């Protein structure tokens, strides 16, 4: 049974801790700068709350490490975990700066083969069914890809301040999804950003509404629609037009109840409103896949190179937004 | 070009008059006891308002007659039209009493081959697509058939008084639909009726809510759900379960607009609310089919025998409701 | 923390065992006539595999017992558990015969207040949302209730032999649902049964296709549509028509993928195909509710009286089917 | 009764001719360079086939002229009709070149008040319901607008040669829709074009797949997705995200039939496949609105200025595509 440690004891760390046992592994240890948080998690899932990252990495019963700590610790923790011989599942983003991500990759070198990056949405059963149908040739050659990704409401200013901005914090998920589905190099990026939801977001130098258009080397077109606010719930859709059909990964609803009244003949309930509900399965299946890779000694499904590539596109979107011009990818 | 006369100048007569030209025929004459109604219709569509049924039937330029007058005139007008050598499209029901319907059939004899009965719903493109898929074997042998048929709101008491009661006025459409889709003899009928919508309907000795269950000779099961009130619109659905699949003819909406709000993620607009909107196509296509039969000299798609058979089932439902027992069909 | 034991170690027992920890309780012990099955379950979830029911009931750390053994053991195990002072959650049905169910209730007497019956579907979030909207008056007075409940495919003959027949095995869930939603006494039952899916089922004296119609004291109408085979998946729907609207608890899909092709503009994936997937949430929430009742010392949400009442309706359906006549409930 | 003449006797001319009577007006005359086409139309709808445009315009019984001739005749026919004192409904586009459109507007001057431009989609009941809900403030301030507009299949090369290219031929409808819904000036246009459907289209110097992104003065974002091929049918959708909700004008289906099988739990039929079916209502209602404007002496709902503005945006899209850069609108 694989022994797993978690670095960080916040919201995402809890999601992983809960899933470890169900995935057939053992929750061994946890570390967080907030000692009580680590102790609470340890008490709940039966592992040890260690006093330092080193203490965690020193344990021989830790085979794999899940990094769910703040973004600015990712690169350091990856390097230390890999050097301690542990397999790693690191939450996205790899880093906020390309140079930092590149440094991590360079340092880790060949051992990157045991580092999985947490673009969990690739494991969502609906998105994955779309990807598999696409890969199986169900709609022929892909022509237009549209990814709609809108949060129910904006996060607090405290979060936004350290988020790296909309493109690196939110769009980056969609850029990874685009890369996964387009399966060929992106050549140009055009991004439009507006502050339409909350002036406070603009005051932080950030945006809350974005449209990003990618173009691939063969002329495939991809549009990403982002907003920090969709009052009807967490709006997560993918639409892929191909030569012989279209695939749509639609939204997920809280229940299957429909209401019929004099005003409407079949109003559904709201969408699932929280990303941990909407993507509960994808977090679970991501872990299953990671543990399977560790167990089988195979390469992870999502790599640090994927993290770097998504970050490059986010950076290009940022540049396009800032300049108002189209950015060409080398 | 086929010359068509209309007997009656009410709501349904207008529907037919409007459709005649579009169907490639000529609107020649109209008669109604209310002279002004006939004159208005004639003025609008270019035909003559005749002073009597005989005057209409005496016209050599009348090849076909559409009977859209009150139910108690149907049998008389059919007989006279047939005897005058005219093809006939008669609105449902053929009659309110079985004996009367039988008398009509007996009297008309072989000439029934030129009388079409107006069960227009058989021509509705959605219902017809279901019927064709069923006939093509898409779902294998039919096992359970469910017909939901609910009006937006009850008709006025003046109408109900002469309607023949819910089973003969409203259910009869669904009984014809059932016969058309089941394609084998019905052996038992069970009907439940309640007055839940409006006590005034009960005061007339009628009901407003009914559940009717048919069984065929091979054990196929059919349920009809009727109500005089569905506040969300005119609810017209058919669901057919078969050995290898299910077919559903769903409702029709006023527009394709969906509303997303904090309460609901995609509320459609109301259903089409009026039977002349919902079944506009079926009235139109019924006439096209009738004119085609006249032109080709072929038998009509829906016959007086269909009218009589539906009436027998409605009568059985009435008996079952009255007795509270299951009625066996000879 | 409440200590829970499980009697039986089969499929449903596993579902409960898995859910106990997640619900904040402790899985303490298990018993099954098949010793290895009990041992496997104990090994997986950390409890003890006891050699007898008595050994389980003798444990002071067992506060509550979940009975997931064959139906013919239910009454005996309930009585023994209650007499040992344990709270009980017993899988449906309470018994296959009314006399047996009545005997259980009589024997348990006042202590019935600690026995919950496992009609888990009442805890399904979609069905429950419908029930709550109904109870909140969203559609006014209920008039017609339609419950569609079809299995993906028939169970093996070995299961059917001891199932008690379609009405007591399958319809009983829907009858409980009907009682829960109708909220008033049923006065008549009409049931039609056919063997259309598999002649082998008929050879066992059972049926595979049924239509059951209930009528309540105030004239509300309820239809239940059952089949042992729906090739498109596990078809579980409820539709409630009321004076001011309609509520529909719709089906659940495997994913939210829609496929568009030259043949179809938006084909969804299949329905969830297995009852343990479709009702995973309801099993989980049922246990949460049971543990809450135990913890709070309150009466269970679903009682043995509910089990007996559903069984009476199933018996009436059986009689109606056998006689071909409507059965009046005393 | 308003007397209407039609210039042109092709496909669209037929649509208008058929609708004139139903809209309560009189079809008086028709002209087409192909004399037989004009004669056929005249025979079918009862008007006169005139030998020249002048002959049509000389008729005192012609109050209004519908221009449904090739695009390169539009400006000339508008000017001559207006100078003859006729009200005009002219098919889109006003012209293929901005200078030509401007010349028409300049020449017509104040009399533009009697010229309506045929952007019929504004009259589509679903799109219009969206526009009205938006105007009524149902979703608060508009933030992101997405218009998906895909043809079932590419038109013949003979058509494409004279079409003016994808942006002026196809996107122009969506650009008008965008202007109608955005209700504020567009400041930048970015357009991407690809030839992915048919190399023959590329050989003509045209494209078949386009993504166009507009930005308004207040930062609202609008995306238009075009393709010359959607094998699942004529894909016409509008999605409007606002501060308090979202509105979607969805696709229209051939029938409401859903198919359930082992592969899919509810596959709809294909989309309406032909623009004259999908937009039948909008052509009809456009004419009703035009006749109402003529009758009431009011300004038309869609003006030549609208035609020019849409053409300017199409031209900007063309420039953006050609240069690969964002185009700023003066």
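Here the chain labels run A, B, C and D in written order, and each chain numbers its own residues starting at 1.
The definition used in the following text is that a contact is a pair of C-beta atoms (placed from the backbone, for glycine too) under 8 Å apart; a residue touches a chain by one contact, two chains touch by 3 or more.
Since the model is a prediction, treat every value here as computed from it, not as a measurement.
Peer 1: For the chain pairs A-D and B-D, which is connected through the larger number of C-beta pairs in contact?
Peer 2: Between A-D and B-D, contacts are more numerous in A-D.
Peer 1: Specify the chain most distant from chain D by Cα centroid.
Peer 2: C
Peer 1: Indicate whether more than half of the residue numbers at the chain A-chain B interface occur in both copies; give same if so and different if not.
Peer 2: Over half shared, hence same.
Peer 1: Where the CA atoms of chain A average out and where those of chain B average out, how many Å apart are those spots?
Peer 2: 57
Peer 1: Just give me the whole-number Å value for how far the CA centre of chain A lies from that of chain D.
Peer 2: One centre to the other, that is 42 Å.
Peer 1: Which parts of chain C, given as residue numbers and ranges, touch two or more other chains?
Peer 2: Touching at least two other chains: 230-232, 244-246, 251, 259-262, 266, 269.
Peer 1: Under the touch definition given earlier, write down the residues of chain D that touch chain C in their complex.
Peer 2: Chain D reaches chain C through residues 230-233, 251, 253, 259-271.
Peer 1: List the residues on chain B that touch chain C in their complex, please.
Peer 2: 141, 143-144, 146, 150, 188, 190, 192, 194-197, 209-211, 213, 215, 218-221, 223, 225, 227, 229-232, 235, 241, 243-246, 324-326
Peer 1: Taking the complex as given, what residues does chain D use to touch chain B?
Peer 2: 125-126, 129-130, 133, 138-139, 244-252, 254-262, 266, 269
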